[in-house]
Each structure stands twice: as C-alpha cells, then as structure tokens.
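See below for the structure under consideration.
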Amino acid sequence: MTSDRGCKVVVMGGGSSYTPEIVEGLIGRAEELAVREVWLVDIPDGREKLEVVGGLARRMVERAGKQFEVKLTLDRREALPDADYVVTQIRVGGIAARIKDERVPLAHGMIGQETTGPGGFAKALRTIPVMLDICRDMEELSPGAWLINFTNPSGIVTEAVTRHTSTKVVGLCNNAINMERWIAREYGVEPEELFIEFVGCNHLLWVNRVFRRGMEVTDDLLGKVEASGEWAPGLIESLRAVPCGYHHYYYQGDEMLAKLQKGAAEGKPTRGEQIIEIEKELFNLYRDPDLAEKPEALSKRGGALYSEAAVRLMSSIHNDRRDIQCVDTTNRGALSDLPAESVVEVSCVIGGDGPRPLTVGPLRPELRGLLQQVKAYEELTIEAAVRGDRQAAVQALVANPLVPSVGAAKAVLDGLLEAHAEYLPQFGGEWTRQARSVAPGRC
Amino acid sequence: MTSDRGCKVVVMGGGSSYTPEIVEGLIGRAEELAVREVWLVDIPDGREKLEVVGGLARRMVERAGKQFEVKLTLDRREALPDADYVVTQIRVGGIAARIKDERVPLAHGMIGQETTGPGGFAKALRTIPVMLDICRDMEELSPGAWLINFTNPSGIVTEAVTRHTSTKVVGLCNNAINMERWIAREYGVEPEELFIEFVGCNHLLWVNRVFRRGMEVTDDLLGKVEASGEWAPGLIESLRAVPCGYHHYYYQGDEMLAKLQKGAAEGKPTRGEQIIEIEKELFNLYRDPDLAEKPEALSKRGGALYSEAAVRLMSSIHNDRRDIQCVDTTNRGALSDLPAESVVEVSCVIGGDGPRPLTVGPLRPELRGLLQQVKAYEELTIEAAVRGDRQAAVQALVANPLVPSVGAAKAVLDGLLEAHAEYLPQFGGEWTRQARSVAPGRC
Amino acid sequence: MTSDRGCKVVVMGGGSSYTPEIVEGLIGRAEELAVREVWLVDIPDGREKLEVVGGLARRMVERAGKQFEVKLTLDRREALPDADYVVTQIRVGGIAARIKDERVPLAHGMIGQETTGPGGFAKALRTIPVMLDICRDMEELSPGAWLINFTNPSGIVTEAVTRHTSTKVVGLCNNAINMERWIAREYGVEPEELFIEFVGCNHLLWVNRVFRRGMEVTDDLLGKVEASGEWAPGLIESLRAVPCGYHHYYYQGDEMLAKLQKGAAEGKPTRGEQIIEIEKELFNLYRDPDLAEKPEALSKRGGALYSEAAVRLMSSIHNDRRDIQCVDTTNRGALSDLPAESVVEVSCVIGGDGPRPLTVGPLRPELRGLLQQVKAYEELTIEAAVRGDRQAAVQALVANPLVPSVGAAKAVLDGLLEAHAEYLPQFGGEWTRQARSVAPGRC
Amino acid sequence: MTSDRGCKVVVMGGGSSYTPEIVEGLIGRAEELAVREVWLVDIPDGREKLEVVGGLARRMVERAGKQFEVKLTLDRREALPDADYVVTQIRVGGIAARIKDERVPLAHGMIGQETTGPGGFAKALRTIPVMLDICRDMEELSPGAWLINFTNPSGIVTEAVTRHTSTKVVGLCNNAINMERWIAREYGVEPEELFIEFVGCNHLLWVNRVFRRGMEVTDDLLGKVEASGEWAPGLIESLRAVPCGYHHYYYQGDEMLAKLQKGAAEGKPTRGEQIIEIEKELFNLYRDPDLAEKPEALSKRGGALYSEAAVRLMSSIHNDRRDIQCVDTTNRGALSDLPAESVVEVSCVIGGDGPRPLTVGPLRPELRGLLQQVKAYEELTIEAAVRGDRQAAVQALVANPLVPSVGAAKAVLDGLLEAHAEYLPQFGGEWTRQARSVAPGRC
C-alpha cells in the first residue's frame, strides 16, 4: 500500500538494457499504480548507459502522455527517500563477470550458468554484500518501501535480505509467469482462470497441481508435457509435476554439460558472450533520438514478462488486490518440510501488506529431497557471502547437486575467488580461514 | 466446481426454522450458483416441520421466479445422488436436548452453553456419529459433493469428518462473517476492502490483524474494542487481538457463570427454552399460505448472516472465485503450533477446489496456549464420540478450560450421559470401560 | 566434566536452612566428585544466617574428615572464579515474600502457592532479574561452570537463563527423584532398576511409562495409584499417567482452593508462616557448637532428596556417567509438540557435557494441552519478568489455568506488584505501559 | 527384555559365511544373555551351506562348554515360535545378485556398490518383500521378539519394516562400532569412555561431536582426520564432522567411479567376485571336522565387529543396560529436520524396551541437505519395493545423489529390473505402469 501522493519507483541498475521493459510496464499501469516518479539509479561506471537508457525512457514516457517524471542519478541515496518500491536489477561486475561465471565452472568440468551451480554461487557472493548495502540505505531512507528483487540468484539474494536486514522484500523471477502464460495458452483460457499450485524455490520451481476454472487438470497437463518431448522420457509421468526450465540442469545435467562442453570445444560463445553483442545492438537502438518505445530487438535479451511480473506485483500491493501470484517470500510453514525462515517460491495472495503464502503442507519425497538439498546449499551460500567464510563456501558447493565432488568444489571455488577477487572483498587478500563456529542451537 | 447442469444443494435438517434463511440466500445467488434443485431433508420425526418449512420455501422460490425446484424427503439417500453441496444444520435430539446441554452443566456449577464447555461436548457426542453416517452415504452416493457443515460444535464435527471419512468438508460459523461486517461498518468500508487475519478454531476465533485497503489498522481497532467496554478493562491492550463473543466464556468465565446462575435462580428460561417459544411463533408464521418471504421474526432466532456465509462459500467454490473467507478446514501447517491434521478456523482462499489456508506461522503465547489446550479437548472429544470411550470423555472434559476439576468433569459427564442416553448408543447400556490404548506413534 | 584439581562448588543462598542438606550430600560424594572447596554465598542482609549455617557446615566437614574447605562470603564475585558448579537456592525477598505469594492470591480467591498460580508467578518476577545478574557474573568469572538451579519456579527460572544468557544451566527439583524412589519402593527394586519416562515441565511432571528391569509395568502402577486414593476417582485410569503432587492444583483445583480458604478462615498459618517457626527452631539447633551433622528436624522443612538430586547430577557430569536422570533442560525436539527452545522436565542422559534429553515424540492430547497451556504461561512470565512488561504479565496470568478470568488476573497482579514493589524494580514506580511489540517472526 | 527361561535367538540366513562370527559372539556373552537356543535358518537352496556352517557352529558351542543348543532348519516357521531375537543376515539372490548390483550400474557409468547408489537400490527391491514376509511370520509366531536387522541396505530395510509391519525392529551396521573403536584407539581409552554423537542414516553416518571422559575433543579429532589424508583436503575442516567410509561415494564420487571403472577396464574382479573366492576358501575351512572356532580367514570377508554390535545390542536389551549405542531406529523427532517416522542412525539409549534416541535437534545445512536428499531416496525406494511401482523406482533413482540424471536412472533401472527379474515378482512380467496416486496428506 502506497501513499496517496502516488507511487515513487526506484530502479537500481537503471542503466540496464532491460529498463525499457519496466518503463513500458509502468506506463501501461501508470494509472492503477498512480506512478508519480520513476528514478533510474546506476553506479558511476554505468553513467553512459544510464544516460542512454534514461533518454529513451523519457521519450517513452513523453510519448505516452507524461504521466510521471523520469529521474536519473548515480547516487542511490538521492533516489531512495520516500520511495514506495525499489526494483533491483543490478549486476555486480557486469556481463564480464557473468562470462566468468559461465567459463570458470566449465573449465573445471561443471555446468557454467549464471544462476545455478558454481556460476550462480559466485554471482551470489558478489551480489549479496551490495544488496545488503542497498538495504542499509533503505532502512534509513525509505523504511516503508518494498524491495522487489530481480537480481539473480533471486531466491538466495532475497533470503539474504530477509535474514540480515529489516527491509520488506519480495523476490521475483519471470519463470512462474511464463509457465502460467504457457499453461493458459495450452488451455485457451486467461491466466486468471487458472489456479496453479507452484512449489519450490527460485529456479527450482515446480507446477504441482493445476486447476482450470476450478477443475483439476494436472493429469492432463502432465500428459501434454510428457508428449512435448521437452523432458527425458518417463520423467514427467514419474515425477507428477511440471519442472521449470532450470530443472534441466538437475534432471538432465549430463546432457546439459555435454552440450555446453561441445559448444566450448567448437568455440561457440556463451550466453553472456552473446549478450555483449545483443547489448551493443540494443544500445545503438536506444541512442536513436527518434526511438520512443521498447524496440522489438529487446526480446532477444531474454527476460520475457519480467516487467509484467514486477508491475503486476506492485499493482496488487498498491491496490490491495489479493490475487494469487507466485513470488519468493519467507516460508513461515507453507512448505512444512523446510525451515520457517527459508525463502521459498510459492503461490501467494498479494495484498496491501505484501505476499502471504498459501499453505501447502508436507511435500512428496520426489520434490522434497532435491528442494531440501538445494535450500541447504542456498543457506550455506548466504553464510559464505555475508561472512566471507571460505569453509562455508566449500560446503555450499559440496551441497550443490551440480558439483560432483569436494575436489571439484575446491578447485572451482579457487578459480572463482581468483577470477572475481575485485568484487569479493569479504574474502580478503588472504582468504578467510577463521574457525567456523556452528550456529547456536544447531548440531 | 460443480457440473454444467447447475448445482444441486441438499439441506440436512431441512425442517429447521432456519431454512427460510438459506432458501433466501440461494434465491439471491441462484444465478451465480446456477442452482438447479434444492432438497430439504429431515428425519421422519420432523415430517411436520419439514412440510411447513418446505411449503414456505416453495412459495418463496415461486415468488422469486422459480429459478429452481424445491424437493422434500425424509430419506437422505433419495436426496444425495449427484448432489454438489450438502449443507448440514441438523440438531440431534432437537431443542429438548439443547436445553439439557444448558441445564445439566449449570446444575453442576459449570457454564451451560450449547457449543462450548460440557454442553458443547455433549452436543458433539450426539452429533458426530450421525454426521459420520451421513458421510458414509455421501461417500457412496455423492462422492464429489462438498459437505458444508453448520452443525455445532462446528469445528469439532468438521474435524471428526476429516479424520474419519473421505468426504470433502468445510466447516462454517457465522462468527467470522459477523466480525468482518462489524469491522467494515466501523471503518465505513465494504467487507471486501478489509483483509482480516483470523486465527484460531471454531468459537475460539481471534482477529489477529486487520488491514483496511492494505493499510494495517490493528492498533486502531484494538483501541476501539477496548473503548467499547465489551471486555474486561485491560484485556484487549494486553492480548493485542480481538476475541470472538465466545471468548467471554474463557476470559470472563466467572462473570458468565454468575450471570447464568443468577438467571437460573430467578427462574429465567435458558436460551434453548426461549427458542422453543420463538420457534412456535416462527412455525405459526411459516404456516401462513400467504407468506412467501423470510419473516422478520426469524432474526430473533440468531444465526445472523449464516445463510450469507454458506451461499457465498458455495458461490466461491462454484465460480472458482479465489476470494478470502474464514472457514474451518484442515490446518496443514498454516498454524504451525498445531498438528497438521487439526481443523482450524482461519482465513482461506476459496477456489474451485475448496479452501486453502493462508500461512500464518507460529503464534504468540497469548493465543497459542489457550488454542492448543482447546484443540486437545476437541481431539479427545472426537475420540470419545467415535469410540464411545468414557475415559476419553473424562479427559476431554478435564482438558476443557470451562471445567474446573476432574471431580466436576466426572459428575457432569455422568449427568450428561444419563440425560442424553437415548442419543448416545455408542456409550452402551453399560458405559464402555474398555482399556484405552494409546494411539500408535504417541507417547 | 571438571578440572583435575577437583571441584569447586558455589552455593548461592548459602545461608539457607537447607544448606546442611547439600553439605551432607557433598560430604557423602566428596570422593567421587573430588570436591576441593565449597563456597557458601549470601547477600549482606543474610550475614547472620550465613555465619550460623557456615559454622555448622564447617563442623560437619571437620567431623567427616575434612575432605574439602568451606568458605563463606557476602560477595558472589569473590566466590565465582574457577567455579565448577554453582548451585542456586536463593529466595528473593525471603520467607516474608513467600507469605505474600500465598496470602495475596488467596485474598483474591485464587490458590496461593509459592511455585504455581499467581504466587509462583510473582516469585518468578522477583527471581529472574537476580538470576540473570548472577549469570552475567558467571559469564565473566566462571564461564565453564554449570549452574544448577533449585530456585523456584525452577523451570521458569531455568528457561529465563537459557533464553537470556550463555550460562550452562540445569534446572532441578526434588519431584522426580521422590517419584522415582517411591516407585522403586513399590516394586522392591533399586531406583537404578527402573526406567521411568518422565514428561512435562517443572511442577507439571508426569510419569508416562515405567519399566522394571526392562519390563513395562505402567498399567500395574496406574492401578496402584488409582487404588491409593490420592487422586479423584477415575482420574488415573483415564489419564494413563501418574501426575506429580502439584497436579492437584490443576486437576482438583476446586478442592485445593476450598482447603486453603478453610485454613485461612480458621486462622491457620500458611506453609510460609509455618516455615518461619521451623526455621527459628532450625537455626537454634544450627547455632549449637556441638552439632556437627544435619539435624533430624530439617526433614520438617521439606525438600526431601533435594541434596541427593543435586549431588548425583554433579557427580554424573563430573564422572561422565551417562546415567538417566530427570532434569529441566532445553527441549530441542524431545517433546515435539513444544518449541525447541522451551525448557522441559524430561528423562535425560547425564554425561560430561550435561543433559541430553531422550526423544519422546508427540504427546497424547491428555498431556499435551495442559502442558502447552502452562508453557505459554511460562513464556509470558519470562517476558514480563525480563522486560517489566505489565501487559505480558496480565496475559501470563490469563494463560495460567489457576486464574479464573482476566478480571481476577488484573486484580491479583495489582495486589502482587504492590506487595512486592521493593523487589520488582523492573516494573518501575509507575507501572510500565509501553506498547508491546509482537516478537519478530510471530503472529 | 527376555523371558526367564533364557534367550532364544534365531538367525535368518544362518548358512552365511558370517555365521561363525555371531556364534562366537553368542558364546562370549552366553551367560549375560542366558542363551538357551540358537536356531540357524536358511532357505532350501542353502541347505548345504547351512549344514556346513551349522556343523561348525555346533563344534564351536561344544568346545565352549555347550551353554546352548544349536538347531538348524529350512523352515523359518519352525524356528520362530517363542523367539526372543531374530537376527536377519539374508542375501536375496546370493552373491550372484550382488555381482549384478556391482556390474550393472558400472556398465551404465555409475558407481556399482551393494548398499549405496543403484546397486543398493536393487538390493532393497529384492530384499524388502522377503523381509516383510519374515515379519508377517514374526507377527504371528513371535510377536514379542526383536528383529535385529543386518541385511543391507540396513536402514532402508529397517524403515520398510517400521512402516509396513508391527514387528519391533532395530537396524544395525558395523559402521558405528568401527568408528567408535577407531576413535577409542586414537585416544587410548576404552570405547565406554567416549561419548560420540552420531547423526545420519545408515551408510550416511557422521560423527558430529566426540567427548572423551566428558571433555569435548571434536576439534582435535577433526584435525587428526584431516591429517590422515583419507579425505580430500579441506573437506573435514569445512564439514566439521567425521564422515563414514561410505561418504566417499558422495563426497568423492568422481574418484570412486574412476577407480571402479579402471578396475573394470583392467579386468579386476568386483568385491562380490572376490567374495566368491573368499567364501569358497571359508567353506572349505568350515567343513574341517576339527575346526571348532572362527577361522582367522573370516576377517577377509569384512564385517568386522558385526557380531559384537549384534550381541552387545541384545545384551543391553536383555539386561536393560541403558548404555548408549548407535543403531537404526525411528526418528520420533531426534533429528528434527526429518520426518518423525523416518528411520535414522543415531546414538540411542538401549534398555529393556529397545532403543530410545538421544535428542539432537536441528542439523547444520552441511549435514542436513544431503541427509534429507538421501532420506527422500530411501522413502521412494521403499514405495517402489513394496508396491512394485516403477515410477517410484525412477524417482528413487533420480533422487539418489549417485545417479547423474533421469536418463541414467531409467537406463540403469531397466538393466537392474531385467537382471534381477527372478527376485522382483512385485514388478510383474510387464512392469507395473499403474497411475501413481500421491499419498494422502501430501502435496
């Protein structure tokens, strides 16, 4: 719920090539959100990109009838006061760091991907300290604001915020909204006519049950998914849930790794390397003073519906809509097999006071074991990131299902800490080797 | 979610004086519910009442444009096939038994009330076996139907059904809807503009938090309630929740008992005795062939908004509306301090597949202790009712906060078993004295 | 596990009339405990009593062969360094305060007893701040020492220590050891030949199951207890557990209150008032320079086997004996229906690292509801005591099964806060009325 | 606790080459166990081995003074009546099946091992139905007997028994006793002078904390283990627990697989194939009518201390000794992150009524995630084994950390079901393809 003066939205990482997407979304719902100001914030190194993107954003808003102001700043503390929503889409270390997240694990024989496996782990180490700094500023300058986090690994970052700050936070991903839209298309209905029981955590999300206008169609959907050939034969009928795309890394990791290794052997660019090219093209378009709308080419960048997910979430909070959306929030017991304080990605009612999970209860072992294993990895990753604890880092990787052994964990950790040293001050010049104490109350 | 042919609603206890209320509700939402048939069912002893009420119901439907049929039967197995909703408002033993539920405990120095304390306990003993019989018939004849239970003690009866049958059941009470309407009036808003976090179990329900158009107003509401003088000074500010009316028996039991005892000493009728007179008057009105609407006098009977609660619930299931209503349903972890299989009364999303509780998490000790104690009482009561287990019955009463001692428990139990012997076949001619085995897996 | 130099034992409240009991116990096990020094500590107001008791203690040790030193001090910080065991038997406000704990509730129509009900509550309010001060000193001066707490209400005080300090603590009571000895006598065996499954919390302790040389004799024991006539007929056979003496207040509170009220009406002294006389007599005996052993008259004081419980506990820790004793310790999940951080009184293995509870699992509702209700009371009492929070205090009393209503709660609270004002600085000259914030993570 | 007539011990799989080990153990403790009769039972196909082993057993007993009878039978129903302990060391399909458990996974690129990974899974599928048949007989013929299960995978088999029968069961393994003895040697103490906090499940067991005469030496032990070079550098210091040998498959699975593959490439025999040779040699020795003691050569067979673990367990139950042993038993909440009904391998007090786990509480994520993942695998394996459910079987393998993908899972499952078809009647001629229903109460 926001103030009567209208919403103030702050976008951290405002110079991102994604920004036209969210600006378009805010324009589309400017009225229902009563948007007053949108601040695009970036770091000094991102000045040029911010100015280019900011220029486009202003032209877009202008053309749409200028319902709100677009402001640019390189000082987030200037932007934060009185903010209602702070959207984070930062990328610590930029695309260059992402490419290392892809290349370093692959060089050690593991999947290199920016959100899962050792790559996602490294991204968490870089990102969490910066996010906690943003939250410290929010605690001081905009304590009532909602933090809407898109920065990956979104669930881990969100849990770090819930465990280490008092900032109100919701984690988001475009995974759930894309699954929802796809199922709606399959059944020829509006998304609102479906109820989807999402369970899991970020990038480990399952559709557990689906209801179409109140009638369960789960079995039918499973048949469609099995028939689609997207998954290894027999997975879907035995799992009895629809995995998200990132589950390919867990269920078919051998094939995924082989594919990545083949690409590397053939000299193909990684996704991060492709994005450098896409971004060049996008920024060239953005610089065009006649461009006053989101260019079609942005669709190549990925992130479909991310803006829709963000703006619809803000709107449901702002308007106390109490519709059901799948977001990352504190478990509280909704998935009773996980700690109450874990961040989970589940179907929630979104009202003026934020998300409230629908109670799911105990999970089947098919979903439970993998989810618990990954949550243990996430918890250890947060410990490693916050305390610069190298031993927690080793154990985080050992716990990660995409890391085959402790030897691999140590090797890739060394590689990642070295590659990203500039962005990992918490690990010190000499890696921290303090004795780890077991958290109180834990055995 | 109901079939395309439209809804078939069966009302058990159709001869009740309340029936014009639910018939009015069904007429009002006949279109959104697509009501096809309404069956009023009663037992042979209730033939005359059923015919009188059924006549009125038919005249009401006729006047409203005859959107659906009203059918009467004394054989529930005739009514059940293909039912979509079965509403239970039965009263085993009738008002005469209720009066004993009031008088017997009072004679033993305890509160005599039909839903709480020893009176509610006795009502549960009489009702549960009959309800389980109805469910057996539903399992056979209308396995897809929802049982919407109003029969008190509503939470205990609902939990007995969830524990001992496969029938889909929701428990209802007009407590939550009346609290909701009252808060809406206080804040000059529509009920839909509020989000109320209800927690507890039936007749032990608290408003824990209230949001008005998304802004929390709990503190303000607590101030209003404290100021209203309804509760002993200091209760509300220390409790930080709004109790339901039945909490008077728990928080101010001494005053409540004194009042009942004074009434008895002065020869005043109990509520049940008053109702006999009210019902006489009502049935005289119902017999009037010119009457074709719910008479104003029915409001004296109590039960305000009960019909609205029932019909709104059916409509949200039928239309997969996914709005939030407070109902009695299986906990699953929503209140993490109670067993997952307990029935709780909490805010739920109501969709085509029934209620899904919003996750609340751990409760404050102010609410937790009393709720846990009462749930233990309820669990023992169900054991006593289903197994005719006199020792479980003693312990149920010992666990009930309105029973001061084991001596009182035994005395009032003897009195109640004797008074209601005719309706308690499970306790045998000679009261069951079998050795109690501890349930497996419990210490 | 204590150091090789032998044990140093510090007794807080060393001037108590009980002290000869524990001195006798330490003499009896001086060898197995390798006792080096015993410090008796008291407050300046207790100087005279300390000197009298200390004199007797020294004569007792002398006669027994002077295996260890007895030292006296009025400054606990002098005694604490290098302590191995700190035994607390303090009584804040002395017997005079106890008498108020008995008289004030009785004047308001409630049971007046020093450990349960409003009396025990008031004792907790006075005691907890002093105990936390002692623990602060222990954290600084003897961080490795075990605190062995006897001060009542023992469970509540112990839980306050676990929740608010880092001191290693075990709570003790002579309830369990007396039940154990009594059962051993009934079966003609040594206590070691029994395994007793104790469950509950302090002064709310049940024997749930009993094994004699490995064969379960629970049913037989229940029969004996039922036959003993100690309990209202039918309680034991329906409960299927053996209650402790304090359960009379819960199961037969009406009779207990009537008895206390009759005593008051007849001008009989309370237990506290009797103790004044007993203590006079005892101290006269203690002053006798020829007395060098515990006088028989001490048995009138109550507390049978308290010394045995304490010394046996210390010995099992010191010698890593890993035998089973029933003590007050952190739950951790042993009773899975209670919070992990609650202090419970259960059968534990006692080894060099202290007590480890035997896992019990979920409890029957017969035991569960009352135990949960009382634990909610205890948790609120600790909040009230630590924060001087009057609203928590009201709710603590409302949650207490021996307080009949919120009106009674408020009245007796006013009476107790006034009567004990001198010992309740945390409640301020003007009673604290700060807004209570709900603990984080709780609804 | 066993009867006064002395113990009757029944050994299922009595023709095993291990049997002289347990016979030696029973002779050694014949007095404290008051052994009356030992029955060696085998299946008709094992007649010859049974006679050979039985002959040796009788000579051993004879030489030791014939404290008890040794009886042989091929009909377990003859042996069971009045049994006190039933020890199961059966091997369904014999060594030939074990070799397939090793070879088939290896042929599919996975670790082939008889207790973990796909090999252990196949062994569970073969074993569980036979074990449940044995339990049905025990329920009928010796309902008071304890089943002491050694048959691997011991934890899974034990959990199948707890979930599907009423037989009293303890699972055993020689892992814990060997770790205990090794630590005792390291510290130059008797095993009884240690307290070891074991946590985990069978073949996934960690030493979490160690106390030597009550003083914690965990850090010191971790240093020793790290220094031993048994584990990949850095594992122990980051894990802060001592893994069991089988953890090599989880923490260093890549190396273990490479080693097995190298062996296979070089034509080396698997462990099972080696055992065929060892057993030949052993049976030749056993046939020697002059041999009347366990031959030294049996030590090559593995299983060190297995007899000691079994006999010490029986003795502690028989004598209600209440010492601490690490066994497989129902969790009940001891490890609060796992379901209460899971079988875990933890430190327990062993008394006349069997094992009672010491409460551990919540686990660190380092241990928790892997343990939860493996328990999910185990639960699915039991479902697959009991119901012949191929889909549960696929998911069990998908959940197993040693199976890299769903493709691998399906391939190895096909291979195993074909290889063992004769011992897997529950999977039918045509593999079961029934729709899987989700267990009630689970999402």
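So that you can tell them apart, the chains are marked A, B, C and D in the order they are listed, and the count of residues begins at 1 in each.
We adopt the following convention: contacts are C-beta pairs under 8 Å (C-beta built on N, C-alpha and C of every residue); 3 or more make two chains touch, one makes a residue touch a chain.
Just so we're clear, the structure is a prediction, and the values are computed from it rather than from any experiment.
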Listed pair (A-B, A-D or C-D) duplicating the B-C contact set, over half by residue number: A-D
Farthest chain (mean CA position) relative to chain B: D
Superposition rotation for chain C onto chain D, Cα-based, multiple of 5°: 180
Approximate Å spacing (C-alpha centroids) for the pair chain A, chain B: 45
Chain centre separation (chain A, chain C; CA means) in Å: 53
Chain C residues counted as touching two or more neighbouring chains: 340, 360-362, 441
Contacting residues of chain C [partner chain D, same complex]: 1, 193, 195, 211, 213-216, 317-320, 322-324, 331-334, 336, 340, 349, 351-353, 356-362
In the complex with chain C, residue positions of chain B that touch it: 197, 199, 208-209, 219, 231-235, 237-240, 251-255, 337, 339, 360-366, 368-370, 372-377, 379-380, 390-392, 394-395, 398-399, 401, 404-408, 410, 435-436, 438-439, 441-443
